[in-house]
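Presented sequentially are two complexes of chain A, the first with chain B as partner and the second with chain C.
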Partner chain A sequence: MRAFLVRRLAFALVLVACASSAAFLLTRAAPGDLTTQLGAFPQPEEVAATRARFGLDRPVVEQWLAWGWRALRFDLGESFLYNRPVARVLAPAALNTAILAVVALFAATTAGLALGVVSGSRSGVAAALIRVVSAVCVSLPPLVTSLVFVFLAARTGWLPAGGMSSAGAGDLSWSAWLADVAWHVPLPALALALPIAATFERLQSQAMAQVVSEPFVQAARARGVPGAQLIWRHAWPVSLRPVCAVLGVAIGALLSGSFVVEYVTTWPGLGRLMYEALRARDIYLVAGCAAMGSAFLACGTLAGDLLLAAVDPRVRDEAGT
Partner chain B sequence: MRFRASRLTGVAFSLIAVSTLIWLVRSGRAPQGSPGPAEAQRGGQLVVSVRSEPRSFNRIAVGNQSTELLSLLTQARLVRVNKSTFELEPWLAERWDSSPDGLTHTLHLRKGIQWSDGVPFTSADVAFTLKAAMDPKAGSVLTSVLVAGGKPITVATPTPDTVTLTFAAPSGQGLRMLDQATILPRHKLEAIYLKGEFANAWGAATPPADMVGLGPFVLKEYTPGQRLVFDRNPRYWRKAPNGDGLPYLDRVVVEIVPDQNAELLRLQSGATDLTQDALRPDDYVPVKRLEQQRTLTMEEIGVSTDADSLWFCLKPEARKKDPRWAFVQRREFRQALSHAVDREEFAQTVFLGEAVPVWGPITPGNKDWFSPNVPRYPYDEAKARELLKSIGLEDRNGNGVVEDAKGTEARFTLVTQKGLTWYERGTAVVREAAAKIGIALDVAPLEFGQMVQRLRACDYDAIYMRVLVTDTDPAGNLDYWVSSGEGHFWNIASKTPATEWEARIDALMEEQAGTIDMDKRRAIFNQVQNIMAENAPAIFFAAPRLYAAHSTRVRGVVPSVTRPHLMWNVDMLSVSAPR
Partner chain C sequence: MALLAAVALVTAGASWLAPNPPERRFPDLLNAPPTRVRVWDGGPRAPFIYRQRVVSRLERRFENVITERVSLRWLDDGALVTADPAGGAPLLMLGTDSYGRDIFARLVHGARLTLALALLATLGATLVGGLVGGVSGYAGGRVDLLLSRLTEFVLVLPAIYVVLALRAALPLAVPPRTVFLSLAGIFVLLGWPTVARGVRAIVASERARDYVSAAEALGARPTRVLLRHLLPAARGHLLTQATLLLPAFILAEATMSYIGLGFPEATPTWGTMLQEASNVALLSEAPWTLAPAGAIFLVVLGVNLAIQSPTRPQVQLDR
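Moving on to the complex of A and B:
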């Protein structure tokens, strides 16, 4: 297991380095640079000063090497958009995305697995309805769901139409602030969770349908094991493998931030930050977001693999050897 | 049987879901309540939204819209241009005396004013601010603004509440140039300026307590990506006409909402009270409906001072090797294109009828400077073809595109900004009109940064966009008019005028900027507008009528055609109901 973890850590480091460097170099190569944010007709002195301040007057390789050397010491440079160190911008955005990701993942997993068990182990109207809803939700792009939810929230007032907290949140006590955030989180979390829950439901349903027809389940039924116990204690753990295989990727993707959902619902997370940084060609912020996103992705896939190992002893044995 | 049950269930569910959705959409929320009393009430909180983060709170070093809004909230000027009447008003200076030759202006500061941290405001603060604003090494964006006769103005402070400004030559703008210079605290920023770090002072990461000002509000907190919160400045110096202390509001919250659709939805839901930008044409009808339901108030701002336009890159150094340069540089070519566009149809299609046709950069929205007598190019395809033929452009091979005698086709790539629906409609109308007279325009929507890079490098055939002017007074936009200006968009920063008519404009603008007599200034500027329209370096189509929306609880709104449209008088805004 130790060797497995060391390998994965090394892989994560390589992934972070490659992703952030690629983001850095591609942003540098893209047409326009951050001085285009100074407007269509800035003064040449202002353009020159900005380019010098952010190293854009140097060759790209030299700039990349200088940035890489600083990054090894956890100095990710300064953000043009936010006028502060990149690390100080990334940290709160990453935390906000993590909050959203955890809630979305919890909702998607509980709903997806539970409904998948029901639809996979039964037939009838309920199971059919679940299958139809899943099929619809899997095909809905997050952009559409976000816009629909924001629109519905604005029209009905049931939930805030975006943002992470209310206008007066700064004056709230810690517990009141938590409650305020809890009131704001369902909208973006639902937009994120729906397609993932539908994916989990489909996987769980198919796996469950396969497992319930296995001889060991039939034998347990013949021995008189009650229905609910048969499903949840005997069949369900065995059916989890395909779900866990996807769970790691889902965790990583959620933690990296969905820029579409965060942008439309105005959630101040990593995805939205990356999008704004890309638009502004804020080169160090783009590289920092890519580094953070890839680190989360690596953590997410590791978590998924560990979960898979917990669920399937064959994977544990493989990892051990 | 199972399959049929599943299918029927799916259909039934879909019908129920769609019906519920329609019911939710149509039912909507109850109106926000009765508008309440018309007179201003003290107290309450106003929530506004902006689309981008502020990079800096230092208006001298950064001149974008976000920083301008924040400076209105927290800072003050010596004199102010009223954005409704465009008259110059006393502000921190309660009165001024000007010499008959317009070279010396003595401003008398209001007495007893304090910075928000309690330190007295004096003429030393003004001297420091203007020194920094005129120092190019300090990173100021106002160095080209605070000049007269090509030289920076000189500042003297004979007493703690007197400032004397001396101009090297008469300035048509006069004291109006001070409208952009927000006064900064010497006790907070002089040390930073002397260290050579003024350009980075008061960046977005500055602790709120360090940012003192003379404006109606003080920054209380800034959460990046989310909001800025401003509380009432208890030491604000201004009073309402009835003697009430200002501002009326206790708090202004500025929410950062990057997406304009989400911004409008939040306005509709009551989460925000007003937005900074005017409404998009597509939003007029739904917002009008909400106004009828008494959910929002829609303000008619007036005709925009900026118009959508198309221009070709006319920089000879960049274009003379292009075979098309032979005819692009001819005014007849551009006049022909102008004749080809039906501006009434343009206004109808692009702005849904809410626009006025224009033929020059100064629109009817700029009441002081608009000339109705500039040469016009009425819609006339025959005339357009005649003009093209007069410079040798005809469709010789019958493919629908005119070419010159050497066979060079009049085919161009038209660059515009991606993602703006009215730009997309505008380019479609112009392309169709151009095609009818044999000019082929291939539209290429680009992301903003990419478009700006091409614009600055003159790496484009033609561009369609709206050039925003910062000042309604043309003397405040010399960069736009003179050949050497960075805003001379069809031929940016030319060392010498590329054409005889541009040389004439340069001379006239210099004369206009150095004349104090307003009638004479207008007469000179009318000549400039005529030359511009005759030679058509850019083709202007229509200036939209602007509308903005706000919550029914907001009082004291006086719309302005310049930005920010609804918040330029933020100290006079109030709300009728607590939030």
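Moving on to the complex of A and C:
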């Protein structure tokens, strides 16, 4: 188990390093640099000074190595756009994305699994209804749903149409701020969660249907184990394996989806930050965002693998040897 | 399946189906609502519409001039049906955008570019993935190890961030042709690994079979064995993956154009049209700007239903 963990962690580190370096080098290779932000007619001295300050006057490789060396000590350079260290800009954005992603994942898992168990173990109107709804929801990409939800919110005023907190929320007390965020989170989270919940429902339903017909469930039923207990205590844990296997993929989808949703609903998260940074050619911030994004993804897949190992002893044994 | 066929037909017949040219502006009808086709005016009539007149530009309010009936003209001006665009009473099935352009016309014309891009990228990704996977599975050994590692690596990259970074390596404003090719290239670059992984597994298991040994014994060259004998075994997988990639690429184009890193505004695609909807105030009053979102939903739904049809169950999410 330990060797497995070490290998996965090393792989995650390589991934983060490669992704951020690629973002760094690509941004550097792109035409234009952050001095375009100085305005239409900047002073030549000003341009030169800014370039020197951010190391843009040095050769690419030298700049990259210097950046990499500092990044090893968690110094990600400075953001020109915000005039602050990248880490300070990155942290709140990453937290916001994490809030959104965790809420969406939680909602998707709870709803998806519960409905999947119902539609997989029963037949009837309820199961058929669930099946139709999830077939539609699977085809609702976050771009489409978030736009429609924003439209509905703007029309009805039931939920705020965008942002993460109301104007002047900075002055609020802790609990009031939390309530304010909780008021803003359902719309983007729902847009993000719908297709994932539907995917989970489909998988759980298929797995459940398969498990219910297995001999051990039949035997338990024959011995008179009551229905609900049979499903939830005996059949459900066994059927979890395929669901856990796609958890890593789901987290990847969550990350890509959250970019769009953040953009549409003006949620101040990582995706939005990266977009702004790219537009401004804020090279260190771009690299930092890429590093953070890939770190999220790596954590997600790792969590998925660990969960799979926890649910399925066979995977655990295989990884241990 | 029928849904997809309908979309393909509409796309092919775009210029004939659209009542107005997609680039034509109606300056008096900015953000006008859809015109309702009527058949009753005191008594049954041939299909007609009322002329729309702007009441307040600021509030974007319009009213129907019920004294002026404009009857529809069929098979005229090279279009299936149209009203009187020259006289300022066009047939607007999905309203207009804030430049006064016919959204329906732009939707069906935009479908061409959006779908062509997605199809090209899907084809490219399937081709590259099939070849890499095939070579990797057939060659085995060090080549296999290298290619597999590469595949896995690209697979775990955070796709959206990579797309953004790659797109950012190009200038922000480029002509549509360049955008088309570069987006297709980027999509292929990120799409091939899912295909390659499955093909590799299939080819690697097939190459131990007798018919492969037989072909080799008969003196078939490796390329021939791979192309003629092994890759056909992966046909089903390739098809499945292609149907999964297609909606993903449609969505990717829409996303990129929506955030302003795709096609320029004047080019009608589903993504550039959705930019209109990013204005919340406008969106709440003019829901017809969401039409491209509906189109995307229909295509994705069509593909999903086609995949889930009883002949090929349980293929979704096999990555």
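One rule holds for everything that comes next: the second predicted complex is superposed on the first by the 297 of 321 C-alpha atoms of A that agree within 3 Å, B and C clash if a C-alpha of one lies under 4 Å from a C-alpha of the other, contacts with A are read in each partner's own complex, and residues count from 1 in each chain.
Going forward, a residue touches a chain if its C-beta (ideal position, glycine included) is under 8 Å from a C-beta of that chain, and two chains touch if they have at least 3 such contacts.
Predicted model, so just to flag it, every value in this text is computed and none were measured.
*Asks:* Quick one: classify A:R279 as touching chain B (first), chain C (second), both or neither.
*Replies:* both
*Asks:* After the superposition on A, what does A:L203 contact: first (chain B), second (chain C), both or neither?
*Replies:* Once the two structures are laid over each other on A, A:L203 reaches chain C alone.
*Asks:* Is A:F54 touching anything from chain B or chain C once the two structures are fitted on A? First, second, both or neither.
*Replies:* neither
*Asks:* Should A:L26 be classified as contacting the first partner (chain B), the second (chain C), both, or neither?
*Replies:* A:L26 contacts chain C only, not chain B.
*Asks:* So, does A:V249 touch the first partner chain B, the second partner chain C, both, or neither?
*Replies:* Touch status of A:V249: second partner only.
*Asks:* Applying the document's definition of touch, where does A:A128 land relative to chain B and chain C: first, second, both, or neither?
*Replies:* Touch partner of A:A128: chain B, not chain C.
*Asks:* Look at A:G293 in the shared chain and tell me whether it touches chain B only, chain C only, both, or neither; answer first, second, both or neither.
*Replies:* second
*Asks:* Now for A:R155: first (chain B), second (chain C), both, or neither, which partner does it touch?
*Replies:* both
*Asks:* When the two structures are overlaid on chain A, which partner does A:P141 contact: first (chain B), second (chain C), both, or neither?
*Replies:* Only chain C is touched by A:P141; chain B is not.
*Asks:* Residue overlap on chain A between the chain B contact set and the chain C contact set?
*Replies:* In the superposed arrangement, which is not itself an observed complex, chain A uses residues 30-32, 147, 150-151, 154-155, 161-162, 263-264, 279, 281 for both chain B and chain C.
*Asks:* Given the complex with chain A, which residues does chain C contribute to the contact?
*Replies:* Within the complex, chain C contacts chain A at residues 153, 156-162, 164-166, 168-172, 247, 251, 254-255, 258-259, 274, 277-278, 280-281, 283-284, 287, 290, 293-294, 296-297, 300-301, 303-305, 308, 314, 316-317, 319.
*Asks:* For the complex, give me every residue of chain A touching chain C.
*Replies:* Answer in residue numbers: 15, 18-19, 22-23, 26-27, 29-32, 135-136, 138-141, 143-144, 147-148, 150-151, 154-155, 161-162, 199, 202-203, 206, 246, 249, 252, 255-256, 259-260, 263-264, 271, 274-275, 278-279, 281, 286, 289-290, 293-294, 296-298, 301.
*Asks:* Across the complex, what residues on chain A touch chain B?
*Replies:* 30-33, 36-37, 39-46, 49, 80-84, 88-89, 92-93, 96, 123-125, 128-129, 131-133, 147, 150-157, 160-165, 167-168, 170, 263-266, 268, 272-273, 276, 279-281
*Asks:* Quick one: which bits of chain B touch chain A in the complex? Just the residue numbers, please.
*Replies:* Those residues of chain B that touch chain A are 2, 5-6, 9-10, 13-14, 21, 24-25, 27-29, 45, 47, 53, 55-56, 63-64, 136, 139, 141, 143-144, 199-200, 203-205, 220-221, 223-227, 229, 253, 255-259, 261-262, 265-266, 268-271, 447-450, 452-456, 465, 467, 479, 486-487, 489, 492-493, 579.
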